[in-house]
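In the two complexes that follow, chain A is the common piece, with chain B as its partner first and chain C second.
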Partner chain A sequence: MWRFLGRRFVQMLITLLLFQAVTYFLIDAQPGDIADLLTLDPNIPPAERERLRAQLGLDRPPAERFITYIGNFYRGNLGVSFQEYPRPVIDIIKERLPRTVVLFLTASILSFWTGFVTGKILAWRRGGWIEYASTITGVTLYTVFTPWFALMMIWLFAVALNWLPAGKFLDPLKWLDAPISANAVFARMIWSSFFALVIVFVGFWFSNRVPRRQRLVLRAASLLVPLVGMLLYWRLSGLGFYAWDIARHLILPVLTVTLIAYGGTMLLTRTSMLETLREDYVLTARAKGLPDKVVRDKHVARNALLPVWTGLVFSLGNSVSGGIITETIFSWPGIGLTLLNSALVADIPVAMGTLTVVGVMTLISHLIADIGYAFLDPRIRYH
Partner chain B sequence: MTKPLLSVENLTMHYTTRGGEVAAVDDVSFSLHEGEALGLVGESGCGKTSVAMSILRLLPDNARILGGQIWLGDLELLSLPEPEMQKVRWGRISMIFQAAMNSLNPVYRVGDQIIEALELHWGDISRQQARERVAELYQLVGLDPALMDRYPHEYSGGMRQRAVIAMALACNPDVIIADEPTTALDVIVQDRILKRLTEIQKKIGMAMIYISHDIAVIAEVSHRVGVMYAGKLVELANTVNIFERPLHPYTAGLMASIPSIHGEKRDLVTLGGEPPNLLHPPSGCRFHPRCARATGICIEQEPPFQDYGNGHYAACWHPMEVDYGSH
Partner chain C sequence: MAEATATTEHVYVPLWRVRLSLFWKSLRTNWAMFSENPIGLIGLGVILFFALFALAHPILMNTIWEPRVYDPISGYDMEIPFHPSPPSARHLLGTDPLGRDILSQLMYSTRYEFALGILSAVVTVVIATTIGAVSAYYGGIIDTILMRLADLVIMVPFLPILIVLSALTDVGMIELALVIGLLSGFGGTTIIIKSQALTIKVKPFIEAARVAGGSDFHIIFRHMIPNLLPISLLYMMFVVTGAIFSEAVLSYFGLTTIQMSWGIMINTTQLFGYLLRFDTWYLLIPASLAITLLCAAFYLVGRALDEVVNPRLRRR
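Up next is the complex of A and B:
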C-alpha cells in the first residue's frame, strides 16, 4: 500500500507539472497582457507601459518566464497578484478556497446521500406514477442548463418568495461593527461544523455495535449533543448573528448545486441497482430468507455503490472548475470566480495559482477514488 | 406409506409476457419423502426451475400461481404470509442454484455469507459458534476451513460450488433443492461434487430435489425420477423402472438419446422436432406433434396422469409397455 502511494505521488507530480505547463502557455497565448489593460489611458506615454512590462517581467520570453515561475512555485512562492499588486497569490487562495470547498463539498455530500437513498428506494419499488415522476425529475435536473436553473432559483427564492439573499458572501451592512473579520468567522464555522459532524458519524458508527435498545438513544444523543453544542457555542461567543448571515448566503447556492448533482446520482444509483438486482447472489440472498430491506441494503446497494462512488469523487474534482458558473451567478467570491476574473485581465500569477488548485484537487480526488475502490470492492487490490 | 415431507399438488403457474400467457407449470403433482432424492429431468424451458422457484416462492414479478397447493409437513406454503415464508426459506428448504458460480456476493467473505444465514435462522448463536459450524460444513463438503475468510473471487469454480453446497446445508434444512448445481463445471469436478453430494445426502438423510437436463446425472443421484415436458409432469417412477421400462414415448426418446460407451455400437436416436412454444401449447397431449405413436385422441384430449403400478405414473394414451399387470 505504501509503495503504491509513493509511486502514485510521483505520477501525480509529473501530471501536475504537465498540467501547469499547458495552462501557463494557454493563458499566456491570450492577446495582450495586464500592462495593456492598466495603461489604457491615452495620456500615459508608451515608455511607461514598457517600464511596467519590464517591472512585471512580462518582457521576457514565455519559456524563460515559465521556468522562473515553476522554480518559484516548487520553492513555495506563488508570486504576487498583478491586479491587486502586491498581494501574494497564496493569500488570495487561502481566503477563497475554503468558501468554494465548503459550498461544493456540502452540496456533493448532500446530493450523493439523498440521490443514493432515493435511487435505492426507486429501484426497489418500480412502476406507477412515482417512477415516472422521479425519472422525469431526475433527467430534468441532470440535463438542465445550469445558468438558467440558477437564475430560476434566485428568482423563486430571492425575488418571488424573498426568503433568501440573491447572492454574495455576506450582507456588508450587518458587518459594520463586527468584532472580527468575515474570514475568521467563516473559519470558525468550518471547524465547529467539522467537529459536530465527527461526533455524529462516530455516534452512528458506534450505535451499530450496541444492542438494539440502546441504539436509538445513542443515535438521538449523537444528533442532539452537536446541535446543542453548536447553538451554545455561537450564542456564547456572540458571533451567532454574523455566522447566520454567512450561512443564509450559503443556502441558495448549496441548494442549487445539490439539486443539479442530485438528478445524476439518483438516476445512476437507480440504474446500477436495477443491474445488480439481476445478479444471482441477490436471488441467493432472498432464498436465504433475508428480509427485503436487508437484501436491498446489504446485498444490492453495497454492490451498486461502486459506480456511484466514482461519480461522487469525480464531481468533487470538477467542482472548482464547474463552480465558475455557479460562483459567477451567485457572486460567490470563491476560487471559480477568482479564476474567471484573473484570466480575463491576464493576471497570470493568480490565474496559474487557482488553476493549479483545480489540478491538485482533481488529482487528489482521483487518488481518493482509487483508495475508496479498494475498500468497497475486495476484488480490487493495488500492488 | 408414511406422510410425505413435501408434496406439490396440482401446481399451475403462468408467466405473463408481452406475447401473452406462458403456461410454464401445468397441473404438476409429486411428493418427496424423508431422506429421498427425487430427480426432475426435462429439456430447457420445460418448467423444472419454475417448479423449484414456486416451492420457495421466489418467482419473478410476472409469474402468477393459478392453482395448486404445496405442503411442507402441515404448512401450506403458497398461502403462508411472507414473514413466515422467510423462516421456511433456508431454515427448512434451501437451494443450490443453477449458476452457483455467481451465487456468492463478491464483496463479502464466503464464511460471513454462511454465517449470515446461520445468525438469521438460529438466532442466539455466538460468532465463535457460527464460525465453528462453518468450519464443520467446510470439512463436510471437502473444503479447507481456513478458506472461510477469503472472498469468492479467490475460490476456483469447484471450490465455489462446494461453498454453495456448504451454505445450503448450513441450517440443517429438511429439503434441499439442487438446480443444475454442476452444469457450469467440467466433467471431473462435476463427478467429484456429485459423489460428495450423494454421500452427504446419505449421511445426513435430508431429502433432496435434484433438477437437471442431464439424465445421466439424474440417474446417478436420485431414487425416483420425474420427467417434465412442456410444463407438465409426464412420467414419475423410481430410477430403475424409469430407465428400464419407460412408459412415456418422450422418456423412451430421452433414454435412447444417451450415448453409451458400453455394449454394442448403435446409432444415436434423437428426438425429432422442437420443444413446443408454451405461448400456444399443442392441444391434447403436449407431446403429440413429436410423438410417433400419436393418434386422434392424443390431439383431442389430455391424457390423465395415472398409476401403472409400483408407483410408476405416466400421462400417455399409448404407453410403451404395461408389464406391471395391474392396469
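Up next is the complex of A and C:
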C-alpha cells in the first residue's frame, strides 16, 4: 500500500507538472500581456514600454519563464495578483480554498448518503408510479441547467419565502463591530464541526459492536454530546451570532449542490442495485430465508456500492468545475468565483493559481477513489 | 458450366443490396428494442420537437413574421411602448429588454444548439474511435502514450479551462464545438471505446482478416471501427448534452462571442437585472427550460441506446 501511494504520488506530480505546462503555454499563447494592459495610455513612449516588459521578464523566451514560474510555484510563491495588487496569490487561495472545500465536501457527503439510501430503497420496490416518479426526478435533477436551478432555489427560498439570504458569504452589516475576522470564525467553525463529526462517527462505529440495548444509548450519546458541546462552545465564546450568520449563508448553496448531485447518485445506485440483484448469491441469500432488509443492505447494497463510489469521486472532480457555476450564482467567494473573476479581468497569476488548485483537487479526489476501492472491494489490491 | 452460371445468376444479389437488407434488419430489431423503453421514446420525441422548432423559424420569418419586428438579433417592436413586455397575441412569449421577440430568439437559437452539439459529438467520436481502435490494435508504447494522454485530459477540469480560454480569446460557436469535441475526444470517451476495441481485437474475424493479408490500416478501419460504431453513437449522445450545457454556461457568463443562443438570452436577462423577478418569468424560463429539455432529451436517448448497445443491461 505504501509503495503504491509513493508511486502514485510521483505520478501525480508528473501529471500536475504537465497540467501546469499545458495551462501556462495555453495562457501564454493568447495575444497581449500585462505590459500592454499597464501601458494602455498611448502617451507612454515605446522605449518605456520595452523597459517595463524587460522589468517584468516578459522579453525572455516562454520556456525560460515557465521554468522560473514552476521553480517559484514549488517554493510557495505563486506571484502577485494584478487585480488586488500587491496581494500574493497564495494568500488569496488560502482565504478562498476552505470555503470551497467546506461547501463541496458537505454537499457531496450529503448527496452521496441520501442518494445511496433512496436509490437502495427504490431498486427494491420496482414498478408502479414510484419508479417513474423517481426516474423523472433523478433525470431532471441530473440534467437541469444548473444556473437556472440555482436561480430558482434563490427565488424560492430567498425572495418568495425570504427564509435565507440570497447569496454572499456573510452579511456585512452584522459584522461591523466583530471582534475577530470572518475567516477566523470560519476556521473555528470548520474545526469544531470536524471534532463533532469525529465523535459522531466513532460513536456509531462502536455502537455496531455492542449489544442491542446499549447500542441505542451509545448512538444517542454520540449525537447529543457533540451537539451540546457545539452549543456550549459557541455560546461561551460569544461568537455564535457570527457563526450563525455564516452558517445561514451556507445553507442554500449546500442545499442546491446537494440536490443537483443527488439525482445522479440516486439513479446510479438504483441501476447498480438492479444489476447486483440478478446475481446468484442474492437468490441464495433469499433461499436461506434471510430477512429482506439483511439481503438488501448486507448482500446487495454492499456490492452495488463500488460503481456509486466511482460516481461520487468523479462528481467530486466535476463539482469543482460545477462549483464555478454555483459559487458565481450564490456569490460565494470560493475558488470557482475567484477563477471566473480573474479570467474575466485577465488577472493571469490568480487564474493560473486557482486553475492549478482545481487541478490538484481533481487529482486528490482520484487518489481517494483508488484508495477507497481497496477498502470497498477486498479483491482489489495495490502493489 | 452454363448451368452453373444460370444458377448463380438466379440467386445473384448485388453486395450493396445484401448489406442494405442486413442493415435494415438490424435497424428494425434495434428499433424494436429501443421502442420498448418509453424513456428513450420521450427523449426522441423532444429532440424531434426541437428539430421541427428549428426548421419552423426560417419559414415563419419568410411568411408571417415581419423581419423588422421579429428578427432575433436586430428586431424591435415599436408598437409596444415598454420592453420587456409580457406574452401577448403579437409576441407569444413576450419581448426581451431590447424589444426582440423571445419566441423568435428561442427558435433561431435551436439550430445553433443542434449544430454545436452534433459538431462536437462528431469531432469527439472521430477522434475517440480512431484513437481507441489504434491504441487497442497496436498496444505497447503507442497505447501507453495515448492512454496517459487520456488520463491527463480527464484530469483537466473542463469548465475552468473553457472559461480561461474564452476569457482570453474570442470564442465563437465553431471554436467552442471544436474545443469541447477535442477535450472529450481525447479523454474519457477514448478509454471506454478502447476497452470495447480490446474485446473486438481478439475476435476470430480480425485474425481471419490478417490471414487474408489485410493491412493494419484495412483491419482497423474496415473491421474494427464499424464494430465500434454502436458504442460511439451512444457516447455521442452524452457529448451533445455536455456541449449544449457548456455553451449555455459560458454564454450565460458572457464569455463567448456568440450573437444569439439560449445562454445569451439568460445573459441578457441578467445584464438588464431581471434575473430574480418572477413577474418577468418569460425572460428566464423559456430559454432555461429549452436547455434543460434538450440536454435531458439527448441524455435519455443515450440511456435508452445504452440498453440496446450494452448486452449487460438487456432484459432478455
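In this section, the second predicted complex is superposed on the first by the 351 of 383 C-alpha atoms of A that agree within 3 Å, B and C clash if a C-alpha of one lies under 4 Å from a C-alpha of the other, contacts with A are read in each partner's own complex, and residues count from 1 in each chain.
Keep in mind that, in the parts below, a residue touches a chain if its C-beta (ideal position, glycine included) is under 8 Å from a C-beta of that chain, and two chains touch if they have at least 3 such contacts.
Being a predicted model, the structure only gives us computed values, none of them experimental.
In the superposed pair of complexes, A:H299 makes contact with chain B only, with no contact to chain C. By the touch criterion defined above, A:L290 reaches chain B but does not reach chain C. In the superposition on chain A, contact of A:L376 is made with chain B only, not with chain C.
Looking at the shared chain after the overlay, A:L173 reaches neither chain B nor chain C.
Of the two partner chains placed around the shared chain by superposition, chain B is the only one that A:E279 touches, whereas chain C remains out of contact.
Of the two partners, chain B and chain C, it is C that touches more residues of chain A. When the shared chain is aligned, no partner comes close enough to touch A:L236: not chain B, not chain C.
In the superposition on chain A, none of the residues of chain A is touched both by chain B in one structure and by chain C in the other.
Chain C contributes residues 39, 151-152, 155-161, 163-165, 167-169, 241, 245, 248-249, 252-253, 255, 266, 275-276, 278, 284, 288-289, 291-292, 295-296, 299-300, 312-313 to its touches with chain A in the complex.
Chain contact summary for the complex, chain B toward chain A: residues 56, 58, 83, 85-91, 94-95, 97-99, 102-107, 116-117, 120-121, 151, 153, 167.
For chain A in complex with chain B, the touching residues are 279-281, 283-291, 299, 302-303, 376-379. The touching residues of chain A, when paired with chain C in their complex, are 15, 18-19, 22-23, 26-27, 30-31, 135, 139-140, 142-148, 151, 154-155, 159-160, 166, 275, 317-318, 320-322, 324-325, 328, 336, 339-340, 343-344, 346, 351, 354-355, 358-359, 362-363, 366.
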